[in-house]
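Each structure below is given as structure tokens.
Consider the two complexes below, in which chain A is the common component and chain B and chain C are the respective partners.
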Partner chain A sequence: MADKPAATGVLAPADTEVTWRSAPGRSGRSAGARKASRSTRAWRVWSSAAIVTAVVLAVLIVPPLADLDEQAVHLADKLLPPSLEHPFGTDDVGRDLLLRCVYGLRVSLLVGVVAAVVATVIGTAVGALAASAGGWVDRIVMRLVDVFSSVPHLLLGIFIVAMFRPGVWPVVISVALTHWLSTARIVRAEVLSLRSRPYVDAAISGGASRRRVTVRHLLPGVLPQAGLAAVLMVPHAIWHESALSFLGLGLPTHQASLGTLVQSARSSLLAGDWWPTLFPGLFIIVPTLAIAGLAGAWRDRINPRRRSELML
Partner chain B sequence: MARLVGRRAVFAVPVLLLVTFGVFAVAEASPFDPVKAYAGTAGLTASQENLDQLRANLGVDRPLVSRWWDWLTSALQGDLGDSSTLRQPVADAIGERVGWSVLLAATAFVLAILVGSALGVLAARRPGGWLDRAVTSLAYTLEAAPPFWLGLLAVWLFALKLGVLPAGGLTDTSSAAVTAAQVTNHLVLPAAVLAVSQLPWFVLYVRQGVGDALGDDPVRGARARGLAERTVLLKHAFRSGMLPVLTLIGSRVPELITGALLVETVFSWPGIAAATVQAATSVDFPLLAALTALATVAVLLGNLLADLLYGLADPRVGFDG
Partner chain C sequence: MLELRSLTAGYDRRDPVVRDVSLSVEPGESVGLLGPSGCGKSTLARVAALLHRPDRGQVVIDGEPARGWRHRAPRAQRTAFGVVFQQPRLSADPRLTLTQLIAEPLRATGRAAEVTDRVRELARTVGIGEDLLGRRPHEVSDGQLQRACLARALILRPRWLICDEMTAMLDASTTAALVTAVENYRADSGAGLLAVGHDKVLLERWCDRTVHWDELTRS
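Our next item is the complex of A and B:
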């Protein structure tokens, strides 16, 4: 039960990513096709990197530099369709949607990154503890992980947020508390495999304490996997945050995240105006795909034998 | 097989105990006050005496463990408390709604399996071909797209622009009775959106399973015997490629519940997932606690189903493991 993939695709934890076994001499794959797929892969990595860079620059630079008030209401310009002046159109009180989306992405990204970091720290600590302690500690801790994963993530998140609402922290905590499980499993498996390596044996026979072995020899080996899990978790956390905000349980409206934008666009959508709904959603999808593309390349580097060929 | 079911039932007991206790512990740690929630707006003007009396009546002062134990024992006797938002016993509220949720989820799941298998086989036929690239890209994009967003866009397109399907609810507002034709008509959009949100997983796993099977010896043997490509693909590769997928179906229950929470809310579907969101919005603790426990039971049943299918589909796997 513990080893079954819980999710797949771009939102998957690193250990459950669908990989395409590239056995030598696979049917129907000529040298030309392989070469083409290598250039496709390079293209994918560079376009992903470009998008991620653009996103980071946009959320970091636009708010302080552009002296624009994203909350400014212009009732005369309400619900304008996309045009040159307002590339994404305006919302129901005349606010520019491009600006609103950039600010929403800023909030969503911040929540996502913080939640992912917290979840990775918890997951790495729990996984390393379980694996290095072994015995009954390991069994009890991993059983608790199983118990935790028996509650659907979003439901648990909804419950926590409902009880501690409103604010940013309940959302961060609820996303972090529901996302450390896969990291704990990955880290535990990695520590167990590292522990059987000769250099760890050498350290132990050299008289190193258990703590020293864990901190000096095991954790550094685990960090690339944990880092990969953290990066892959960011889009997942953004997805969860936007779902909570859409349900009206997430961030308050003055801290509009992408989910809040979709939520507040509902009334305009039912009146037939599609743009306030469409663009915030695209702001979730495009960075998610870009982060997944970069993380895929990273995984290929640290894990070359399990090369994946996500054809995006 | 009975042994496996028995073992899982035994494992389910501590899981449910821990989850329900966790629910009570989180509520205890939160600023949520059951007395204020119970009194509602009347609590603002009520005297301190009345509030204290209410506090004593509700038994809020008693320690966490004894409240949890009381809830558990009465829950086992079928009494889950009263829901403050729906103004009826929690057990009745769940009984009325669970059928609609199961209908929606089952329809969507079957739809996702059918469409997902078809797309997965098509993609696996020529890895790296244009069809494969198109299907995989679509799968990754859909995986990244939030279901509520897809649902809203579907409402805009099919209900507002084309006007072919209703935008939400179970029946037309004008009709008093719940008829099968009405329900079917209203089921199409939510079930399709929920299916689309579950689709990427099926497509990618079927594609991988069938793709791997196409490189295996039995398929090579079938090809060597000169069987038609169609027969090789559907009778040999598809069958063995679907095995790993079939066994994972049961473990998709959490994702299905997550999708249902969002889709039911978008389409005002009168199921328990939408009720969960309402309960959360108005901090209806008895309903939330019961629904969390119910969802946990559903996940555990799904895991059991996964293990049973694993054993049934692959005779090499024993039921003892």
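Our next item is the complex of A and C:
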């Protein structure tokens, strides 16, 4: 079905640079252009990798090395524009913004990674359970997934956060509980397709129990997809953390996270001070795009046909 | 005796592939089932091996009717069948080495202790060199992989062998080697065989009797 160029076109309408593999008849794209797009892609992967490495090193190394109190208030230095002493300037109570951004990135990254991992574990478990149980269990579970997906997940996330005191863990729980749905769908579809392979028939005939088939043959088969879903979810989770904090529902305002930084900079932006908004904003956008770029490259390796589908 | 009694099976209840088919295999007997591609003989083979639930009809194994299919079949009934499929690439989990592949039924039934000896013995029976045993499916040829699949089917010493187009993808010498391995096993164990295929010459030389799909559905 998906081997037909027409069907591929439906799956990948926008950027069809990928379909040359499955549809060699595609005209208008010379070997040179293909080569060029390949080298752009390589450049994208390497720059993404460089940014992600830099970010990880920064959040791991800077806080212990700098040994500065990112929360220390220096009212005399408030709202200084970027300078050599304060490369990103200072905020409305004189805290160094570079330091605040790095600390904020650390918190956001932690929230993003933990939430993505938890969501993936939940999604994989639910998807695998639904697919391997089949029948009414599958139908009920997947309809529940549909019900949850029909509610905007930021709304659902706000609802969950509102049940707890502000802090890191409620945000993690909120993001994780609203983001496992797509993973559950992907894993279920993958398990269903793996389950119909003759090697599963052979395993059943060889006396394997349901559990053994799942653990030995099905789960290892979906791990690459689930891992990819997890990585793709990290930037998404970071954005959600920022959104929740920006709305004042996520982390407490004194704790630097990218969302709280942007939020507390709102008032100074109206006064014409651009740096407290710009730099945290860049810190949200650049690392998340870099992670997404790496995840995209990984997805291309697993499933070249889906290249155009941006799952953010 | 393996009896298939008026089986109707398929993937859509309104349009079954197999309609009211009966066939029986005596212990130690080898039956070749001939039929054109797409006629439903593979589906029948899967039903016979308890891997596909029929819409109607019964499978009776040594006088005992099968009540469940796939995981719902009791393990003893499932493992009474050794099954070899047409496409070795699809019948082998790409993540397992050939040793793991062949030994999988032993491990699944809690007999891991026998793995080393049995795998070595079966590798010799089906003609896989020791050096290939550590490789994964993508590192060996179709023929070698099919040998491993046959070894996997034999490792629990089944009373019935179901070979569904086992040699359709293979060259003549590998075909001969696999058929010889099956026949040696049957001579040794007295197992019955249901060989499904479209190669009339091969099945007539291999099996005690052959039935054509048309004869089954007409009756």
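Basically, the second predicted complex is superposed on the first by the 278 of 312 C-alpha atoms of A that agree within 3 Å, B and C clash if a C-alpha of one lies under 4 Å from a C-alpha of the other, contacts with A are read in each partner's own complex, and residues count from 1 in each chain.
To be clear about the criterion, contacts are C-beta pairs under 8 Å (C-beta built on N, C-alpha and C of every residue); 3 or more make two chains touch, one makes a residue touch a chain.
Worth saying up front: this structure is predicted, and the values here are computed from it rather than measured.
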Query = First (chain B), second (chain C), both or neither: which does A:201 touch?
reply = second
Task = Could you say whether A:209 touches chain B, chain C, both of them, or neither, answering first, second, both or neither?
result = second
Task = Between chain B and chain C, point out the one touching more chain A residues.
result = B
Query = Taking the superposition as given, does A:301 touch the first partner, chain B, the second, chain C, both, or neither?
reply = neither
Key: Partner chain in contact with A:151 - chain B first, chain C second, else both or neither   = first
Task = Please indicate which partner A:139 is in contact with in the superposed arrangement: first for chain B, second for chain C, both, or neither.
result = neither
Task = Could you say whether A:217 touches chain B, chain C, both of them, or neither, answering first, second, both or neither?
result = second
Ask   = Given the touch rule stated above, what does A:74 touch, chain B (first), chain C (second), both, or neither?
value = neither
Note = Shared chain A footprint, chain B vs chain C, residue numbers none
Task = State the interface residues of chain A toward chain C in the complex, per the touch definition above.
result = 197-199, 201-210, 212-213, 216-217, 220-221
Request  = Please name which positions on chain B make contact with chain A in the complex.
outcome  = 14-15, 18-19, 23, 26-27, 30-32, 126-128, 132-133, 136-137, 139-141, 143-146, 148-149, 152-153, 155-156, 160-161, 167, 200-201, 204-205, 207-208, 211-212, 214-215, 248, 251, 253-255, 257-258, 261-262, 265, 276-277, 279-281, 283, 288, 291-292, 295-296, 299-300, 303, 306-307
Note = chain A residues touching chain B in their complex are 1, 4-11, 18-21, 23, 26-29, 33, 36-37, 144, 146-147, 149-156, 158-165, 235, 239, 242-243, 246-249, 259, 262, 265-266, 269-270, 272, 274, 277-278, 280-281, 284-285, 288-289, 292, 309-312
Request  = State the interface residues of chain C toward chain A in the complex, per the touch definition above.
outcome  = 46, 49-51, 70-71, 75, 78-79, 81-83, 85, 87, 90-93, 95, 104-105, 108-109, 149, 152-153, 155-156
